[in-house]
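Listed after this line are the structures, all set down as structure tokens.
Okay, so subunit A shows up in both of these, paired with subunit B first and subunit C after.
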Partner chain A sequence: MHANAKGFVAFALVPAFFFLGAFYVYPFVFNLDISATDLDIFQLRDGGRWIGLENYVELLTSPGFRRVMFNTVIWLTVVGVTVRIVLGLALAFLLDSRTIRAWRLSTLTRILLIIPWATPPVVAIVVWRWILDPRVGAANQLLMWLGLIDQPIPFLADANWVWPSIIVIITWNTLPLVTLTFMASLQSLPGELVEAAEIDGASRMQLLRYIYLPHLKPAIIVMAMMSTFWTFNNFIYVWLTTGAGPGTFTNVMATEIYIKGFIDGRLGYSAAAGVVMAMIMTAFGMIYLRYVAARALVEEEDR
Partner chain B sequence: MRHKLGRRGLVAGATLAAALLAAPASQAQSPVTITFRFNDPEAPQMRAALDEFEKANPSIKVNMQRISWADMQQQYLREAATGTAPDVVHISFVQPRSFGGGKALRPLDDLIARDGAQMGVKGWNDFFARDLAEGPDGKTYAVPWTTDTFTMMYNTELFEQAGIKEFPTTWAGLRDASRQIHQRTGKAGWGFPAGSCATPSIWFYMNYYFWSDGPGWIDKDAAGKYVMGVTPEKATEALAYYNSYITEGHNPRSNLSVCLWGAPELVEGMLTGNTAMASMPDTVAIEILTKWDQRNPGKKRPFMTAPHPGGKNGSVTNFGGRMLGISPNSKNVEQAWALIKFLTKPDPTFKHYNNYTPAQRAAIDSRAWDAELAGYPKQLANSRSWGPYATGPVPIPFMWNAVGRAAGSVFIGEKTAEAAGRELHETIARELARLQR
Partner chain C sequence: MSRAPGALAQFATLAITAAVLAFLVYPTAWVFVASLKTPDTMFSATRWSMTLENYTRLFAAGFGHNVMNSLVLCIGAVLLSTFVSVNAAYAFSRFRFRGRGTLFASVMLGQTFPWIILVTPVFILFARAGMLNNWGSMLFVYVAISIPFSVYLLVGYLRAVPRSLDEAAIMDGASYFQVVWRIVFPIMFPGIVATATYAFLLCWSEYLFSVALLTQEEMKTMPLALYIYFGENVTDWGNVMAGSALTTLPTLLLFLPLQRYMVSGLAAGSVKQ
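Let's turn to the complex of A and B:
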């Protein structure tokens, strides 16, 4: 490359590097620095005292850490993402079906699908809290009217119901993106491929297994990874729905960071929890890209 | 020509000079705008009081900012650290010590020394909870503004139907009454909010349980060292006591989703007669009476108030309340101080902001209480300051949150009272040890 061209490339990259440095690298390094101090919210003007790895040791050995990790990894992420992917696939197949097209419902169903997605999460959560309210909520009124229950259920304060309720709220609000992504992928599937398989006598299950799912695989992989990142880091759904309660029953990493930082006032400890959270996600991303996504996408290219 | 221009220039220059000379005078007369961060829901009432202040002080304008109590601490501390905090800030009784210690408030000693005699009804010495206004360095960082305490409000008709003549004076008696009301009327007994959040009501009720019989979570020993005042067994006992209301069914499980003492669900429960008893500050009790009168014009109010049950120390609750402080970055200290002095005068501020009681003895003594609220002055007479909680090293929000989380775990059956009591004790003891290290 000519020296002038190299210079121009370097010059053109300056804004990108500036923003990366200012908004990603610097805050990360600053957070790393805070995580090794006992900085608390009441001493912001004085700063914290250097305490090395104490915050990390306390976090990783604290009695509640295992519970927080279980809630974050299993309930919020594994269950939450799996439900979204499975339902998203089912809904995408349904909305892309010949029946829906034959009844000329495609446009209507797509508009209906976008409504939850267009609803801001805060609004969705407030509405769902009303629906699930034990006294005046529509869910309890309906269940009692149907005779399925004789006492209202405090969905967001009952150990048996609180996690399923949170998953329902997250799914309702985020399912459209997953469904639309899968629908877009389905629509790129050549029709003659399906017709040829049908002529060859393929059953519906065989079509699903050998035609549709392999075609959808890249979309599923990308959507699963993106959903995992969004969900694992998510704060708003759990905090606004249950406040990490009842007790600490729905406390996840993001709410733990908020509680420790802004209620208990321990910003140093909170920063350490943030670093641990970032490291977990980085490790997940690397493993996923190396062993799952890369392999699947290479297979797709080879086909 | 040159001569004419010169004359014109001279006239123009003279005019300009006159305008420039006049400018500082007119600028000096333009009002100074100060910001006041107000956190209570009574914004229109407070605006009316501020309008009166502006009328009495034409050189000062007040820009009222709003924020919820839940968000005020972190927002204010961030602003104070970066020099962008409002001039006057509305804080709770538990905050001046930690805010002052963190240099997030301006010390007020010089202003109080100068104007103390003119403050409130009878001067600075008549204000109470002044100990809570001090920082760790002994300086005063805030001015007590309003005060309140929790008192039991009960439905006299439901008590009568259940055959209960007197409001119970022991904790066991209160539970018996709650159970009896539920058994005989089918209504909830003591419907306390049992939900989890960062500032749950159960924090107050557990403290009242402890204080009526002994020390609270943190106590100060003879050597001046802060120690744990509550044993794991006592913590377990209190958690089991409150849990029994839920397991026995006289506090409905729907209250597991209610966290705060003034929640609409609780207010409605009292108004509809579905709940026989509630514990709340006077502002909420006044709201219930007002709504009752609106819905039942001319009908007798079926409510009374009484102090909480007691033990060997009697019935003990806490002085809650609000204070006013000045941020360290304020460039309008005199104007901010003028506003604080104005707001602490019962007349006219508390004519508008009339659900609240000024934190001054003379104002409390002269306050006229409705007959149904007779329990409040009795309870106030037995109230205490947060004491070692406020002066000790463990921040109250930390304990408040921890107690609420532990209680929530017990109420939903996730943990036994014993396990939660032991863990809660360990959590607070560990934090105390860490901060005293």
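Let's turn to the complex of A and C:
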């Protein structure tokens, strides 16, 4: 490489990696150190006492830990991501259908579809908390008007309804991104392929099974993985919707870290919870790097 | 077109589409409608009485200050992160150097890195440095969280810019810096605008770091102020909806014109939800 080029590469990459190193790498390593102390938010400058693995032992043996893991893995991640992918696929097929195109509704439907995504999560949570409100909310008004219920349901305070409600809010806010990704993939499918299969007499299920789904598979895998990352680590939806309540019923890993660190002031314990979370994500991250990042790089080399 | 759907199937498709879109649009539409309604007609679908009073009360309570905080912070962060990311993306796209693969992979890893794990150590480090309630700290955080996806998106857009253009300019004696900002920048301007918009939206709706690092009332950003306001005035929905409408308006105005570029940027999950 030419000397000028070397100089430019250094000039271009040093600032970017300064930010990445100072924001991601150094604090992460520093966090390991903090996690072995009893550092308290009110005695920040004292540095905390070294207590070894006590925070980890307390976390992993605490009675609430199983519930937190169950909430994080099953409700938030598995249910949340599955609902999003399935509905995203269904909606992509619907909005990419011949009827919508024949009626020239593609642009209009896409603009309307983007609206929930363009709504900041804080606003989404505020308005959904109004919709789900037992006294003045639209959901209860509608259900009572339809005669489906006699008494308003306190969606966010009732243990039977609170998780489905959170899932509805997250799905509403994130469905457009998933749907648009699948639509982009569907639109790259050669039309002749579908027509040829139809001429050969393929049924709708056969088209789905042998043409559409194999074509969509890479997009589904990427979307499922990225959604898993975002959702597993997501703090705002649970915290601002329910405050991890009623009680600690909807507590997840992210809210546990925040509550222990910033409400109870136990920064050491919060750091340890972060490390445990990072270890879980690392296992998933290895798979991600191998299949997603590596593939993106290969495409880059091929050009 | 073979096998056009029958009239009944078409009707069913249109009806389901209308229902789904109504469900998707209703909450955001309601924010804007309710922000203009008087308290006594707020929850009635049939009685309408329009007013701007919700907005005047909101600004009287000092919300304008929070709007300015968010605007200045996010515009600053976007300009800085875009400058840094365009240079880095160009280096990744046009040069083969040792460690390139590893460095690019680590940028991608940053995109998936959980912020919730970073908030505790970042808070401690800034607190010890006396840098809580500091615009420099917030700027640093927002630039750092924008760089990974910005670099990734821009590398994608750079693929579409023919190398022959840069090479010709280099032959004519231009420096690489000049090539990036005089030749490549105008060509990939739409892509840069799309990337900068994502960065702006990320900053505009960010909650976790601002709640941890900003404790002084007069420094709070819009989402933070909105939620505190919501907590304190649970019954005053008019005000809360006016604040929500103001928070949503810029993102809607930026998202809608960009919807064409959006799909091309969506590949490989480059945008944070």
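Keep this in mind: the second predicted complex is superposed on the first by the 269 of 303 C-alpha atoms of A that agree within 3 Å, B and C clash if a C-alpha of one lies under 4 Å from a C-alpha of the other, contacts with A are read in each partner's own complex, and residues count from 1 in each chain.
Following the convention adopted for this analysis, contacts are C-beta pairs under 8 Å (C-beta built on N, C-alpha and C of every residue); 3 or more make two chains touch, one makes a residue touch a chain.
Note that the structure is a prediction, hence the values are computed from the model and not measured.
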Touching A:Gly245, do we find subunit B (first), subunit C (second), both, or neither?
first
Would you check which partner chain A:Leu177 touches, where first means subunit B only, second means subunit C only, and both and neither mean what they say?
second
In the superposition, subunit B vs subunit C on subunit A residues touched:
C
Touch test for A:Ala157: subunit B only (first), subunit C only (second), both, or neither?
first
With the two complexes superposed on chain A, say which partner A:Phe262 touches: subunit B (first), subunit C (second), both, or neither.
both
In the superposed arrangement, which partner chain does A:Pro63 touch: subunit B (first), subunit C (second), both, or neither?
first
Taking the superposition as given, does A:Leu44 touch the first partner, subunit B, the second, subunit C, both, or neither?
both
Under the contact definition given at the top, report the residues of subunit A touching subunit B in one complex and subunit C in the other.
44-45, 262
In their shared complex, subunit B is touched by residues of subunit A numbered 41-46, 63, 133-135, 151-152, 154, 156-159, 242-249, 259, 262-265
Under the stated contact criterion, what part of subunit A meets subunit C in this complex?
1, 4-6, 8-9, 11-13, 15-17, 19-20, 22-24, 27-28, 30-31, 34, 39, 44-45, 91, 94-95, 97-100, 102-103, 105, 109-124, 126-131, 136, 138, 141, 172-177, 180-181, 183-184, 195, 198-199, 222-223, 225-227, 229-230, 232-233, 235-236, 240, 253-254, 257-258, 261-262, 267, 270-271, 274-275, 277-278, 281, 285, 288-289, 292-294, 296-297, 300, 303
Within their complex, subunit B touches subunit A through residues 73-74, 77-78, 80-81, 98-99, 101-104, 195-198, 253-254, 256-257, 259, 265, 395, 397-398, 401, 404-415, 420, 423
Under the touch definition given earlier, write down the residues of subunit C that touch subunit A in their complex.
1-5, 9-10, 13-14, 16-17, 20-21, 23-25, 27-31, 34, 42-43, 84-85, 87-88, 90-93, 95-97, 101, 103-110, 112-125, 127-128, 140-141, 143-145, 147-148, 151-152, 155, 159, 175-177, 201, 204-205, 207-208, 211-212, 223, 226-227, 230, 237, 240-241, 244, 247-248, 251-252, 254-256, 259, 262-264, 266-269, 271-273
